[in-house]
Structure formats: C-alpha cells, structure tokens
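Multiple structures follow.
Paired with chain B in one complex and with chain C in the other, chain A is shared by the two complexes that follow.
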Partner chain A sequence: MTGKARSHIVQDEPLVFEISAPGKRGCQLPPLDVPAVDAAEVLGAANVRREIEGFPELSEVEVVRHFTRLSTWNYAIDLGMYPLGSCTMKYNPRANEAAASVEGLLWAHPYQPEETVQGCLEIMARLERALAEITGMDAVSLQPAAGAHGELSGILLIRALLASRGNPRRKILIPDSAHGTNPATAAIAGYEVENIRSNERGMIDIEAFPSLVTEDVAALMITNPNTLGVFEVNIARIAEILHSKGALLYMDGANMNALVGITRPGDAGVDVLHLNLHKTFSTPHGGGGPGSGPVAVKKELEPFLPKPRLKQVNGQWRWDYDRPQSIGRVRAFYGNFGVLVRALAYIMACGPEGLRAATVDAVLNSNYVRKKLEPYYDLPHKEPSMHECVFSDRRQARHGVRTMDIAKRLIDYGFHPYTVAFPLIVPGALMIEPTESESLRELDLFIEAMIAIAREAEENPELVRTAPHTTRTSRVDEVTAARKPILRWRPER
Partner chain B sequence: MYPEDFKYTREHEWVKVEGDVGVVGITFYAQQALGDIVYVDLPKVGTRVEQGKPLGSVESVKAVSDIYAPVSGEVIEVNEALVEKPELLNRDPHGAAWLAKIRLNSPEELNNLLDAAQYQALVAEES
Partner chain C sequence: MRFLPKSDAERRQMLEALGLESVEELFAQIPPELRLGRPLALEPGRSEFEVLEFMRACGRQNKTGLPCFLGAGAYYHYRPVVVETLASRGEFLTAYTPYQAEISQGLLTAIFEFQTMICQLTGMDVANASMYDGSTAMAEAALMARRITGREHVVVAASVHPEYREVLRTYAHNQAIRIREAPYDPESGAVNVRAAASLLDDNTAALIIQSPNFFGVVEPLGELAEAAHAAGALLIHAFSEAVSLGLLAPCEQADIVAGELQSFALPPSYGGPYAGVIATREKFVRQLPGRLVGQTTDTRGNRAFCLTLATREQHIRREKATSNICTNQALVALMATIFMTAYGKQGLRELAEQNLAKAHYLAARLPLRFRGPFFNEFVVRCEAQPPEAINRALAGRNIIGGLPLGRFYPELSDCMLLCVTEMIRREDMDRVAEVFQPGGAA
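Entry: the complex of A and B
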C-alpha cells in the first residue's frame, strides 16, 4: 500500500438504543424551588406523555463516545480529497463558519420585526447582487433550498413567463449530458421531456439543433460545462436559436465553479440559471446539508420570482409581498439563511481575484489528474476538460474489473471514491472532480493510488474485485438492500 | 445471443411480433450495462404508447433508465412477475422477463427497427 492509508483502530459501536439502560441520565437537575405544576391538570391529561417508547437512556460520556466513535467511521473533506465528480466537494473555509456564528446572525428569528434584522437583510441583498454580478444575470431569488429545488423554481418561472405571453408550451429539451435531476424537474413542472443525443465531441450538435426547436418547445435545459466536464462552445448560438423561436435557455449552474470569474452565462444569452451554494460557493454538504439553490434570471422574468422580494424604502430593507405575477413562495421564510451567510463570507473573503483563481485552480487540478491518469485509464472524450474529467473502465474491464471495483479499492488507499457509472453516456464511467482545494501533494497521492489500482487490475484483479479490505465493513450487498430495504431498526421482543 | 426473430431498437429494447401483438423487453446488453436491476416501473394495461416514447422505466443500483416503446399501440398485458422479481431481467431478459404486450397499430413501424445482425453490430461498436 502506498501513500496515505495505514491501518488504524476503529472501534465497533452498537446502536444508541442497544446501549440504553433504564434510569440513566445525562444531567442532574437542581431541586425544584418553585411550586410544582401538574401538567395533566393544566394541559389536559390527553396532551401529556409520560413515557416515549424505546427512548434511549444514556449518560453524557456514553453519548459523547457513541457519536465520536461513529464519526471515526466517516470520511470527510477535512480528512482528505473527496473527488466525487459533479458534486464539487470543495473545502469549507473556517472563515465562513466564523461569520455564520456571529451571535446576531446565529440567533436571528424569521419572525423578528424587519427593523431589528436590517443586517440579515443587508447580507441577503448583498449576496443577491454578488450572484447577479458573477453570473451576468439581472435578479436573484435566494429562496430555493437546494439545486433541484432551484431548477424547479426556474422552470416554473419559464412556465409563468410563457403563460403570460399566452402559451406555456409543452416540451423541454434536455441533452443526454445534462444533470440527472433535469428531466425530473421538467416533468414535475408539467412538461414533456425530449432527450437530445450528444455528438461525438460530447456536445449539442449545433447543425441538428434548430430543427428540434419547434413551436412546442418551452426551453432547453443545458448543463454547462456538461457532465463530461466539457464546455458547450456553441452556447451563445444555442441561445439565439431558442430566442428566435420564442423559447428560453435554462442553464443548470451546478458546474458554475468552472466558470466563476472567467465567463458569465448571462452574457451568453442564458435566461434562467440556478446555483448550488454548497458546490460553487463552498458551503457545507455535510450532514445532508442544508443546501441552497438560488435562481438567477434576466429582467423579463423578474416579476415572476418567488415572493417576498427585498426592497429598500428610505434606506431600510423591507419584504415586498405585493408581487401579483410571482409564482409564490417556494420555501418557508427566506431560504436557508445560515448557508447564505457562509456563501457571502466566501465571496467577500476571496474577492474577484480570489474567485477567479479558484476557478483556474479547479480546472488546472482536473487537467493535471487527467494528464497523469490518461496512460492508465481509457479517456473516451478527448475535448478539453474543465473542472472534472471522465474516464471509462474499458481497459480494466478486460480483466473483469469494473468502475465500482476501482472505486471500492480507492477506499483502501484512503480516498473517498470518485463518482461511479455517471454520466450514463460513458459506459463504466469514472468521474473525477478534484476541486481547487487540493494541493499538489494530495493530488499526487491520489494519482499514485489510481495508478497502483490500474496495476493491480492487471496483476491481481481478484484483489480489486473484492475490495475494500481495510474498512470495518467489506463490500455491502447493495442489490439486496435496494430490492428488500429494511428502513428502521426494531427492538427484539 | 440475440434471437433472429426479434427486432431491436438503438436504445436496447426488443420486440417479438406474434400476430398483431408485439411482446416487448430489454436486451441482454441493456441488462448488462444497467447492472443489477432492483425495480421495474411498468405501464398500466390500456395505456397507449408511441414508438420511441417512454413505456416505463427500470432502476438498477446504478441509475434509473427509461424504457422506450419499440412500437406504437395499446398495452394489453404487462409482466406482473417482474414487480416481485426484478432480478428476472438480469437472468432471462429475452424470455421470462418480457415487460409488456402491445397491440400494434402501425406494423409498418417495424421497418424502423434493427434486425439481429444489425443490433449485434451496434452492441459490438458500443462495448
């Protein structure tokens, strides 16, 4: 074994329910020094629950050890490179956390009177302006709670605009290199989906494209750079063609981290796009989020944005609910505020030069990995890579080793796997996105591990096929888990 | 590997015509590319489907993929056995794991499909 990983004690740990014992407590309350109140009498007996069935009872140290031990089973960006393609697992700078932990922000409540949260509103207004400037768009809503939610909001905006012109139209075009959530978004927004095949360069075929844009087409949903990590060079022409036929251009901005500070989708003719703050703007993915998926639009779509909208009156920020054309709220309150603070902190800490440098480094790192691994792994699309590169397992498959096996073996080398078997247009895909966070040293450790696995695939394929070997659990049976899922633990009776 | 009496689509579905009914399934290559299939979404009996438009979908441990109707017509029967045993699609894609029977309304559409030799060539090219 090379480089990064060594064996290390990992303690086993039962479920918190299994280590519970009746009567254990985490803390002792002082004796009651006010008159006791009988809750049943005050609230009504039916509203008082004396016991919660199966509620675990543990001491403080047991709880702390339980979760600390569990945390050692995990892999995190704070432990090393997390090359999960398309997910943009970049480092979350501590400065973001410092900003989000400022007391006035931490304890602000969405029901506070506007005049007492002017700072919070100013943060949101500044973030809206910054995102509009970065993307070249006119207006931004911070409400959507994640990427796919931003997509849905964006397509609903397109539907609202087209409906106001008399016909919402019927179809959304989606290239086969787009993000997997795009077709679901279009369907939920009430549109039919028509898939467009990529050409051999992994792009939209610009010659064939005009004939696809019929009167029925409401919009094209394009991911740029697409899931092959390839920039759609014809984006401006694509926008022109759509606009000439009364259709709109939606851009999935999940890969915006390849463009920030270099080029602006708005300048290329994009009408609506969403951003993933938890990707491009370094807010955490950890613990399931929360994410944030602001949606940015051109002027003509602004009246339809989710309400309320921020408005400045006599130097004070106010929420404006008088938005008759708005698609309405898409989220309780005003979006995931804590995430918004972190994103603005990142943007301000980096500044224009820093944001641009992050983009350049992300593209450089991905191309470094691509160049170093090209002699060992099949590279099906040879177009220049942006922030991620996509190999196939074609060479290793000859020895019976597939992309999933290589990914599992990578765990033994101390790395989180890359994205497996996506995008679907590359059979046996290995999708690698190092992000700008990685140093040359970490990149070299990763490359060394990947080359070692390529060698193992030839010399000892069984070792790779049965990986991982150094984890506390070896390969789990994903098929049975998916076919016969057990969704909750039940006590033995 | 690929039965001579089937017709094939470029999206890896097959159809076997018996009178005015087409029996539809996914190919061996399709199931191999998908990996272990864990869920099948079948159309309702009575649904009208159009050649090249989604008929249903299959979910494997890798992805959810649409199944496109190789022929237009009305769904007259679906293979309920797949609901409980999606693994049949991996074991016997050209036989026991047929997906649906469609009453053809435009048999001339069969001319748009590939024969076994053409399909074999397509698979050789893709793999």
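Entry: the complex of A and C
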C-alpha cells in the first residue's frame, strides 16, 4: 500500500474513573498559612456538599500517562496534511504558543486598571489595525469568540444600523451554499432566513438577484470565496444592488485565507465581515476551539460595535464604555485575548510578503490537487478554484462507495479526511482544502492515496466501505450513539 | 517565508503541471479593479526572535506578578504544570473538532470525561462540551429555558455578574425577551427571595441566579428554585468561580446550570480564552446548545466515542438549530479536565477549603458590606477613603487591590469587591488590612 503510514503499537487506556482508587492524588497544595475555618459554620451546613461522588483519584504519573495515551489516538496537523475544506487547517507556529505564554500577558487580570495593562491593549490595538488593513474595512472589534459569534455580532450591527434608520427589516438572504452557522445566526438575531439558489456555476445569479432584494431584506450573507472555493466575481455589483435598496452586504470571511494580500472585501463594497483567526491567521484549533471571530465594519457601522472600544487618550490606551449606540456586549471582558496574541504574532512573522505568499501557495496547492484528481473524481463545478476544490462521489457511488467511505479510507493512508458532504449543493461532496502548509511531497502522497482509493472503489468497494482498517478504533456506530445517548460515565452497579 | 514548505523550483514545477506561466494567473477570475495593486501596509515580516522580543516587551509594560485581589469572574489559581504540558501536545492542540471519530478518540474520550466530571460537580445528568464563556453560557441557558417552557421572559438577579447580564441583554434584545431584574437584599447581599418571586408570572421562562453571586455571597438556591417552580419557571444556576463547586452543595432543584471554568484551566489571560459550560436534566437534552460526546461502539465491538445528537446543531438544522455555536472552547475544556483529574476528589475540596479559609482571614479584618455567607470573594466598605484611593495606596505597596463597585452599582460606590484565593499569602493580606486602617492609606 502506498502512503505515509505504517501501524505501530498504541497503548490502551480506561477512563479516569475506572483507574481511580480512594486516597490517591495528583497534586499537593502548600500548607495553609491562616487558621482553617469550619465550612459548615461559615457557610451553613446545608450549603456544604458531601464528597463528589465518582470524582477521579489518580497520582500525578497516572494523570500524565492517561492524557498522553489519549493524545496518541488523535490525528493532528503536527502529524500531517489535514485537508478539511472550509476549516483551513494550516500549520500553527509554535512560537505563537510561546508568545501567548509570556507571563506578563498570561497573568494580566481583565479588571486591572488600564494603566497597568498597556501591553495587552497595545497588542489588541495593533491587531485591530492590521486586520482593518488586510480586509479594507474601517473598524474592527476583537470581542467575538469564534466565527459564529462574529456572525451574530455582525448581524446585530446591521440590525442596529437599520433600526436607527427607522426599520430593521425582516429578512436575511443566504445562498444555499452557505455554512450552517449563517442561517442559524440570522435566526438568533431575530431575522427570517430566505435561502437563495446558486446558479449552475455555483454562484449567485446576478440577473435574478435584484428582484430578491425587496424592502424587507436587511442584508445578504455571502461567503467569498464561497464554499465551492469559487470567487463571487459579481461581488461589487451585488453590493451596489443591495445598497441601492437600503440593504447591506455581510461577508462570512472564513475563507479570507484565499484573499489576503490579493484583494480586500472592503474595496468590493462589503459592509460587515467576520474573520476566523483560528483559520486564516493560524491560531491552533485545539480540537474545537478556542477560536476568535473579530468583526470588521465600514465607518457608518462603527458606533454600533460591541462595547467597550479601545481609544487612545494622551498616548495611553483606554477602554471607552460610553458608546450609546452600541449593540452591547457579546461576551464578558474583551475577547479571547490569548488567541489574539497568537494571531498578531503570526501577522508580524509573515509581514505583507509572507501573508501574500501564503495565499498564493494555498491557491496553488488546491489547484494542483484539483488538476491531479480530476481524471479520477467527478468535478461538478468547473469554475476556477481558489483555496479549496469540491469533488463529488458520483463516479464511486456507482460502486456503492460514498464520500464518507472514501474519507474513512484516507485514514488508512495516513491522512485526515477532507470535509464530507458539505457544501449541501453538491451531493456527496468531497471538499478538499490543502492550505499552504503542505509540501509538494505531502501533496503528491495525498494525490497518490486518493487515486489508489478511486481504484479500490472499482476493484474492491467493500474494502473502502468498511474502512478504516488500521486504526485502533474501527468505524464508529454513530447511529446507536444518537438513538440511545450515553453522555456520561456511570459506575457499574 | 519559514512557514511555507516549498522551494521556488517546486512552485514552478507545480505551475507547469497546471499549464500556467505565473502565480498571478491563479487569480485571473478576480476582476482587475478589485485586485489590491500594492503590498499590504504592514510592517515587514520578522524573525521568531524579534516577534517574541516584542511580546515580552508588551508583557513588561503590564503590571503582573504581584499579589492581586481581583476576582469578579476571572481568578488566580495554581495550575499544576501537567495541565499545560499535556494540553499543549500537538495531537490535542493542532486537531480540529472531532468529526472523524476513528482518529479523534483521544479528544472525544477526554471530553466524555469532562462531561462526566461536570455532571458530578453540578449534580446534573448531562453537560455539553463547552460554550464560549460563562456569560454566553448563561445567555444561551436563558434561550434554552424559553424553548423548553414556551414562555417569553426571564427574571435575572441583580447580583449576577454585571457583564453576564449585559450579554444576556444583547442576546435577548432581538428575540423580544423581556428581562426583569430581581433586587439584592441590601443587608445580606443575596437575592431577596420574596421580591424575586413577585416578579415571576405565567410568562416567565426562567429565574437566573448566580451563586456564589457577584458579591461572593452564596445564594439561597433551594428557596429560589421553589419560587421559580411554583410559578412554572425554570431555575438557572450560573457560576463564575468553578472552585466553589469543590465545597458548595449543588442545587438539587436547579434545571440548568451555566458557568465559567476559567478557574480550572488558565490564568486570567486578560479575559480569555476561558470556557463556559451548560449542564442540565436528561429530559432537556434536546434543547441543549453546543457539542455533545456520546458513548457507542466500533464495528469490532470496542467502546468508542463520537459527537452525537447533532440534529440540535446548525450544520444539520440551520435556521432551526438550538444555537449557532460551532467552534467552542474544546482545548480549554481539556485543560479543565486535566486540572480536575490532577486535583482529584480530595485536592479539589482542599483547594476550595483553602480559598474559604484565606478569604475569611482577610474578611475578619475588614468592614464587610454584606452579612450573607461568602466563599472567596466579599464586598468591603471603604470608610475612610474612596476605593480608588485605597487601590492607589495598595499599588504603592506593589499590591493590586480589589474592584471598585461604583462602576456597576452606583449605590455601592464606597465599596470594593475583594477576592482571596490560595495564591495569596497571609503577609499580603495583613498589608491590605493595614491600608484599610484609618490613616493606613497615607
């Protein structure tokens, strides 16, 4: 078998609860230097808990082995290519971890007087400026904690602006290719969602579009490049149409890594956009967060940004809470600061040339993969690809092999799967985003693996359908998990 | 560029395979008038050494490393070294959300343990795999209560963290949810149960109580739950100081628990990243927002874990999802899991007891504003001088003082909130007590 993987021994490990024994401990506190108090006396006996039933009791070495063993059951970017489309799994420079662990940053308390945290505020101010320049927008809030949170902030901003003009309107238009967070966000922000159909090129039908923008429409949420990896060539025209009808253009900037240094959404007429620092700006995804989803706006929306805002007074940074038009807070404190440090470290390390070079390599890699796989997999949309390419499983489906099976088989070849079955407008989608972080060698191994699987799908479909075969855990029964949910451990009776 | 693994020759080779002359052709579909015809106006790229020098210089501009008496939703606790060592393993740090269960069992197993430990601590049946922070967890808990009860409005205690209440307002504003605030009792610092009960009506979805509350006071959750249930509303128990769970009895009648786990995971980090969590009763699980890990088996019959009940979530339900949350705070939840395991059953209790003892040591030497029982935070009256003057005097002694409360509660503008954790030494508390003496701030 080709590929970059061979199997080796993996340690087994029970749950922490199953290896606990009464009286063991993994941590010791210094002696108490004040008199002990009787909890029942000062809190009232009813307020004091009994022991925490079932809570773990392990020694330090067992804690280390437990989580180290668990870690070896995970795939990660540090191990190899992770071509999850839309997720932008690029290399996470370790220096950024060191930056975020600088003691003077890590131990700063959010309620310290501002004159004692000028270093933190300087980092945030620089990042705001850099992101505004990169996106071509006028102002940035770093408060939102992830992409979807940035979306919510952005739609609330639009609502607030329109309300200040007299009518917040009722509807948000969302293309059927959009990520699920877009419609979910619009609903939470109190809007009705009107899904609009993409045309056969996977884009917004510019001829039909004006008739969709009625008096009820507050905004269009567009993803650019869209989830097919295709640049919406009419974006500027779309913005004009919306503006002429008093509506706004929201851009989901999850795919900004295809544009940095090449084109700026702000210059195309976008009014609000969010970024995913945990995608474009290389902060580690951590198995599902923490991320950061800054929201960037044009000038007329600035008064509505979440509060507080940074401002400079006599050469010192201050928080400005006096923001009467603000949508309010979207979370406590100021944002996922540690993630912001990492993103700024990345931007500083790359500089303008490095950022642009990363964009170029990301687009080059995706086009290379597309070109090499086109003979073997169905490519439903032929528009030029940006940072990702989307195939369908149509050819393999004839042999009963679906996109999920191909994805699982990739695991045997030593790769993380691509994104499966998204975007929804491509039945059986294989959404591949190599990112700029892959060497030619790693790309060629991936291509080789994909070609081998295409062959297997014809010659031995069962092999693919039952993959993975070499992992510690074979195919997982997700149906039973949902039908009879077991969501916590309980002791056996 | 050191992050990019290709030589120029390799790039040319790839372009050739694509039949292109230059990389610019890769962007041919972008209309020329939209292309940025200049380099971004950013400083030139720098070496790792220079970037870290800059960050260290920023760190030095901050005043940290001093005894600090701030709490109010962000706490200084000792974090065993293994938390960072293990959580920063690349296999955890550089993985995505565990959609592909077969190669994500490490994180899935840890999150299953996390969900279990949160249930053990809170007395609930299920817990989700994290929310952005305590404030958004509380706001989402309110939306959840609305879906469960079909009722429109919520009552929130005025003793809930002011920023959590602000976030609740932001989330509620556009859903036509009315928020009413239940006053705190000026003597005890706890919610006035009767006043809270009088605000509940047949359109109230939930009563939201933080305990220990923003003033550090332990609320009468049992009585408040009875009042809520008598009106057909749910009780949401919010918390911002997770260490209190090591000592305080969970509220058996609570319907939803929503809290902040920063204390178990990370230093204050200037406000984030932290991790929120929502726990609830089994019967409400379909209304829970966020990711859930469930136990199942693989085709060989081995125990395995996977993300489950996804039909609640945005990628399946889109505009009908329980929430728009996608990326959460998984790594921080992992840190909390390691922290809870390392401290363990006895250690967590001792940690909580040390906090209690130390806070009561200092509180006994200061004029307390409220009489209610408290955990590791309390409000003191600044009799001789305003809170800001006391903090300035403390700063002169290299101590970071408490949080002046006037900004959030004008009626408490002569008060400050102090927090004492196990990280504070007795000598430093004695120095704080001195400053509070008449003439002590001079």
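Here is the rule we use: the second predicted complex is superposed on the first by the 468 of 493 C-alpha atoms of A that agree within 3 Å, B and C clash if a C-alpha of one lies under 4 Å from a C-alpha of the other, contacts with A are read in each partner's own complex, and residues count from 1 in each chain.
Criterion: a contact is a pair of C-beta atoms (placed from the backbone, for glycine too) under 8 Å apart; a residue touches a chain by one contact, two chains touch by 3 or more.
Small disclaimer: the values here were computed from a predicted structure and weren't measured.
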* To do: Quick one: classify A:Trp489 as touching chain B (first), chain C (second), both or neither.
  => second
* Kindly classify A:Asp78 by the partners it touches after superposition: chain B alone (first), chain C alone (second), both, or neither? => second
* Structure fact -> Across chain A, the partner (chain B or chain C) reaching more residues is C
* May I ask you to decide whether A:Ser7 touches chain B, chain C, both, or neither, giving the answer as first, second, both or neither? => neither
* To do: Based on the superposed arrangement, let me know which partner A:Glu478 touches: chain B (first), chain C (second), both, or neither?
  => both
* Touching A:Phe422 in the superposition: chain B (first), chain C (second), both, neither? -> both
* Between chain B (first) and chain C (second), which, if any, makes contact with A:Arg331: first, second, both or neither? -> second
* Structure fact -> Dual-contact residues of chain A (chain B, chain C) 180, 420, 422, 478, 482
* Structure fact -> chain B partner, complex, touching residues on chain A are 180, 420-422, 424, 427, 478-479, 482-483
* Show which residues of chain B lie in contact with chain A when the two form their complex. => 33, 35-36, 38-39, 59, 61-63, 65, 86-87, 126-127
